[in-house]
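Below, chain A partners chain B and then partners chain C, in two separate complexes.
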Partner chain A sequence: MKYLSNEQIPDFFSSLQATHEVRLPIMLPDGTRCLGHPGDGTVALFGGALPAKPTAAFFPHEGPVFVAASEGFTEPSAPEKPLLVVGFTSRDLACLRFIDRFFAEGWRDDIYFRNRQGALVVGVSGYCGPGGASLALADGDCDFELVWDRTRWLVVSHTGAGSAIVEGLAETVSDGTLERLRKEMAVYEDENEKAIRRASELIRADRVPDTFWSEIGDRCIACTGCNLACPTCTCFGVQDWRYAGRVKRSRMWDSCQLDGFMREASGHNPLGTEGLRTRRRIHHKLAADPDRWGEISCFVCGRCDAVCPTGIGIFAVARELIERFGNI
Partner chain B sequence: MSSSADGTTASLYVPVDCEIIAVSDLTPHEKLFRLRLKNGAPLGHLPGQFVQVSLLGWEEAPISVASSPTRTDYFEMGIRRTGSLTSAMHELTAGDLIGVRGPFGRPFELPKLRGHDLLLISGGCGLAPLRSLIHYCEDRPEEFGALTILYGAKSPGDVLFKDDFALWETSARFACSRTVDQVPEGDCYSGGVGLITSLIPPLEIDPHRTVAVLVGPPVMYRAVIAELKKKGLSSDRIVVSLERHMRCGVGKCGHCTIEHLYCCQDGPVFWLNEIEHLRGAL
Partner chain C sequence: MKRTLTVCPYCGTGCMFYLVSDSGRLIGVEPSTTHPVSRGGLCVKGWNAFGFVHHPDRLTTPLIRRDGKLHPASWDEALGLVAERLREIQERHGADSLMFASSAKATNEENYLLMKLARGVFGTNNIDHCARLCHSSTVTGLAETFGSGAMTNSIDCFDNTDLILIIGSNTTEQHPLIGSRILKAARRGTKLIVADNRLIRLARHADLHLRHNNGSDVALLNAMMQVIIAEGLEDREFIAARCENFEAFAASIADWTPERAAPLTGLQPGEIVAAARLFAGAKRAMIVYSMGITQHSHGVDNVRCCAALAMLTGNVGRPGTGVNPLRGQNNVQGGCDMGALPDVFSGYQKVSDPMVREKFTRAWGVDALPSTPGLPLTRAMDAAAEGKLHGMFFMGENPILSDPDQGHARHALKNLDFLVVQDIFLTETAALADVVLPAACYAEKEGTFTNTERRIQRVRKGVEPPGEAKADWEIICALAKQAGCDKMHYPDPSAVMDEIASVTPIYGGISYDRLDPLGLQWPCPDRDHPGTPILHIGRFNRGKGRFSPVIYRSPAELPDEEFPFVLTTGRTYFHWHTGTMTRRTHLLDREERRSFIEINPDDAARLGVRERDDVLIASRRGSVRAQARITGIVIPGVVFMPFHFTEGAANALTNNVLDPESSIPEFKVCAVQVRKAP
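== the complex of A and B ==
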């Protein structure tokens, strides 16, 4: 098995810039952990899931659709070198797998795949969670994975492209760390995950009345943070920017928590109340997506609960819902 | 990457040029646009589908194709002035270029309509998408049984496609009834007055031979469906076309969802039994 010492990490990823457009977790001077280029700040692999969704490397907050000028349309080009994005937890990787499928099926979203196609994805796991807590192994869904065993990063590749990148790294004898972590995770049943599954069952069994959604909705200030933080929220709006001699059409993330999200030109609004919008936010992940895609589209990353200023992220709502309707 | 209408590979989100051949007034708020793809190819749509109309600087809007694919030299759209893009459209004249993407969406299922009596019901702007199917029936009358057209508008001034109506009313192939909700004082109007639901009870319908197709504003559906059910029509014999806010037309932007369905992809045309149990569908 390959490994890297923590001291080798910055140089290893800097060296990959020759062939890849590298994004990895860094710490900004103000203490923010986010995706950045090597050299933009100190590498910050420790601390668990990044506050902002790493899927933004492929589907950014705002991005061009095309630029139109007298000579015709210019589409944004793919990155010069393929992207290599580091910092996905196993839950983030599940989210990425879900949106890869979402953007591929039916009409294939070429704008997304311009960034995504050929990109390398690097997971992080092991004892590198908040305060040294363990993060589950991804065991797939990425090209290679960095597993912190408290002394070094074990480098586990899952694809041919991943193996090729880590080929030159030093070898270490396997000391059973991976197996130990895998076992630890198997006995540890995540309470949030359980709550999400149970809440999904209750919603799908039609056990949750509208009054519940209105009550939760009353606590929503429509800041849109939950949607903007969620790696499986993919809704977008379209905006034209007019400049002298050209128009740039761009698309940017949108939020189903805003009252105009579904309002039609006639004034009819299928999401016309905060209660309906709150129901949409939760129901879509726990009931609509399972109906359409065969799986719950909340992969329990924890971001919406971390970001919601009024305490109604999906875990909080799921717990309240189970408490009130789980035993009737 | 997708193949665009002109055969070259371009982004799914890049529109193709389309030339306006003619513009005429339908009402003070609605205009009829006759168009042709600049490369001369037919649009390739089926009745019930829509295109994303694109004007640079004004984004896009979903607009139904109002003409039948049996008429291949051009296609038509009836556009109501409601906001920024549609107002900009109303300033355009013959010779101007617009962009379109599409056609998108699930059309009326012609194979399942063939051989049946059709009850073609529309309210307000809903006549635009339904006109595509009506023209199709006009051009291929042998494919269908009895054809009945019911149309309701707010007032005589809001009646769309008056010239078409004059033809349908005199055609032996169609039975037509229309009504307006009210007649403003001083208007000279000789047709029926009342809600569109009032046109259904007098009809003689064989519920086992008939399919009803409904396109109209959201308020129309429940009331009309209730009348149709009284006539013995079951939900698998009623077709509706639903309007939703749409940004992309291709199942990605998320604005048009009805529970697990995407109106732009799975619709806008649905059989009633597919959606009547879904929250917020009607």
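== the complex of A and C ==
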């Protein structure tokens, strides 16, 4: 198995810039972590999930769709070099797998795949969570994975492309560390994940009355943060800007917590109250997606709870829901 | 990919976020996770704050009016003309025939420089900004009672208090990240009293919701204080040690029984008694208010009552207490701090004080500075309408939509000899100008904003301005040069801040190297001072807190047979003021596309108006069309309308009657009729 010392990480990823457009977790001046280029700041692999969803590397907050001008029609080109994005936790990787699947089904979203196709995805796991907490191993869903065993990063490749990239790295003896870590991580039971599953059961069994959703909706200030932070939320709006001689179309993240999201041209809105919109947000992930895709589409990354200014992210709602309707 | 840490350009909460840009274009926003106010979140406006920046309507070149039309021009030509015409007017009609309107959207440095330009270069104290329209009552009322017209406490205090009285503030919509703190506090058991006749979101979480009549705040607050004194619930120790004029004040409200206030407020006497007991019973109580208190012809009196209630119960100068006016604009606190006001230099130093004038004369290297206070913005518009003012310079303000009585504002501006507007879009006001100067927006320049809790924070440049647009500070300095002043050049805004610090005691310790990452709260008198989260600890800024008795006055225009409804105006959550930026932001514009009024179901039924019908709303001053939103948010007899929409402008209806002391217009009450549109 390959490994990297923590000191080797910046240089290793810098060296990949010759062939790849590299993005990895860095520390910004105020202590916020984000995806940046090597050299934009100190590398910040430790600390758990990044506050902003790493899937934004493939599907940014706002991005071009096309420019239509009298001379013709131009679509944005794919990045010159394939993307290599580091910093997905196992939960982020599950989110990525999920959106890859539905962006590919039916109408393939070519704008998404322009960035995503050929991109390399790198997971992080082991004892590199917040304050040294453990992050479950992904064991797949990425090209290779960096596993922190408290002294070094074990480099575990999962695809041919991943192996090719890490080929030149030093070998370490296979001393069973990875297997040990896998076992250690497995014993941690995630309370949030349990709550999400239980909440899903209760909702699907129709145990949650509409009054509950109105009460939660009363606390929603429609900031849209829960949607914008969520890696499996991918709804977008489309905007046309008219310049002299050309029209530029772009798309930007949208939110089902907004009234305009579902409003009909007549002005009528089938999701016209905060209660209904809140219900939809949770229902979609915990009831509708399991029906459609066979899995709950909340992969418990924790971002909506971190970003919600009023404390009604999905974990908080799930817990309140279980407390009130779990024992009836 | 680049990330630029900066301050939200919308409300005075002062959230910070990173602008994300790629190849010189903004592609998104990411909240700062460590910021003490935003704490990793933002409201919908913050999340979309990048959305208008590259809009095709941005002004990219100076414009000069010729033959009635605006034509592109060079900077030299435009600034040359502005300097020449302003000087000409100054010579012919005197310096006080000019008026400068600064901007609560611009940085501290830019406000300071425009104030310096008006006073130091053109010799007039006629400088003001939109604080006149929002919190001038606070500045006057709190300066008189406490000695400082700013929010006494910090946003963090909402996490540790026992009771919050919210009066005239729709906090979750207008200061969303403060509103969310209040919501969370309520979940933890903090008591909420909401005094507002609209059923705002916070009212749904309140322990007590008082739906008192518009403009009856003095009656309500006086009666609450009467109950507190009558029942012996006042904090005698605090009053004795820290306040003055209590006896006279107590005598002035002795007959303000709840029974007397009931018919004026429309409340039951019991509701007033309950509110008084709840408030007085809290160990730590915060008062939060905003435009519902200030925008009245008796706005200063309203503020005096809020201050008195806090002093009466000993709720000043401790964590989790205080009188907390929430400042509206991103930098309206800073605009005031910088002296973009007719009577004070930066740091509220009076122009009438010879020592102060002496100090600024020396610092600026000028011969003399004008000593009589200038015109407030609202009075300047009247003067322009009467032909007494000849030239106006607007930086980032759009009075055609934001001032009361639109017909009057339009007439005033058209009556001028010369109008200059410096802005980022061709606003309704810029369209009337003789010269238009294209400015950089917040994302395209360096500087500082001061939020509602007096926190001075860094604004940073993420992308280049479009075309030839320049930062406001650069334009002002270039204009000063054209006007013959060779003393206004600075390498960058941090040098301007150094000058501000040298002449402004409350900003004395501020310099850019100290503002990362969290900013500093003024007063911050010297470089070693850590800033001041809570004012008036141990001692009021003016020494003793002053109880100011208030005589109840009703709003200037009350409903009658012909105009039977009270119209109250304000903002919506999704738009900002005159919509210049938010109506050009896709998602925000989609949320609220047109002008509307909220009307109670009973009234709507009586008028035969159905949901989303168009209605005509008319006052003595004008008539506009808007869509009806039928809702129990408003009580019968009251309609609410936002002022963002040029095609259904609430300010075509409002009443240009001013508070005698602060010159704030009565945006919150006027009489209208409503009927179904044909």
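Quick note on the criterion: the second predicted complex is superposed on the first by the 328 of 328 C-alpha atoms of A that agree within 3 Å, B and C clash if a C-alpha of one lies under 4 Å from a C-alpha of the other, contacts with A are read in each partner's own complex, and residues count from 1 in each chain.
Simple rule for what comes next: a residue touches a chain if its C-beta (ideal position, glycine included) is under 8 Å from a C-beta of that chain, and two chains touch if they have at least 3 such contacts.
Please read all numbers here as calculations on a predicted model, not as lab measurements.
For the composite obtained by overlaying on chain A, chain B and chain C can both be accommodated side by side without a clash. In the superposition on chain A, A:Glu62 makes contact with chain C only, not with chain B. In the superposed model, the vertex angle chain B-chain A-chain C (Cα centres) comes to 80 degrees (nearest 10).
In the superposed pair of complexes, A:Met262 makes contact with chain B only, with no contact to chain C. In the superposed model, A:Gly168 lies in contact with neither chain B nor chain C. By the document's definition of touching, of the two partners only chain B reaches A:Trp107; chain C does not.
Once chain A of one complex is fitted onto chain A of the other, the partner contacts of A:Gly176 are absent, as it touches neither chain B nor chain C.
In the superposition on chain A, A:Gly131 contacts neither chain B nor chain C. Applying the stated contact rule after C-alpha superposition, one finds that A:Gln239 touches each of chain B and chain C. When both complexes are overlaid on chain A, the residue A:Asp254 reaches chain B and chain C alike. Superposition on the common chain A brings chain B within a closest Cα-Cα distance of 10 Å of chain C. Residues common to the contacts of chain A with chain B and with chain C across the two structures: 237, 239, 242, 254.
Those residues of chain B lying in contact with chain A across their complex are 1-2, 10-14, 56-61, 80, 82-83, 86, 217-218, 243-245, 247-248, 250-261, 265, 280. Residue ranges on chain A touching chain B, taken from their complex, read 65-66, 68, 73, 75, 102-103, 106-111, 234-240, 242, 247, 249, 251, 254, 256, 261-266, 268, 270-271, 276, 283-284, 287-289, 291-292. Here chain C touches chain A in the complex through residues 1-3, 5, 16, 18, 20, 22, 26-35, 39-44, 46-47, 50-51, 54-56, 172-173, 176-177, 179-181, 183-184, 187, 201, 204-205, 516-518, 573, 586-587, 590-591, 612, going by the rule given at the top.
For chain A in complex with chain C, the touching residues are 23, 28-37, 40, 51-52, 56, 60-63, 218-219, 221-225, 228, 237, 239, 241-243, 252, 254-255, 258-260, 267, 306-311.
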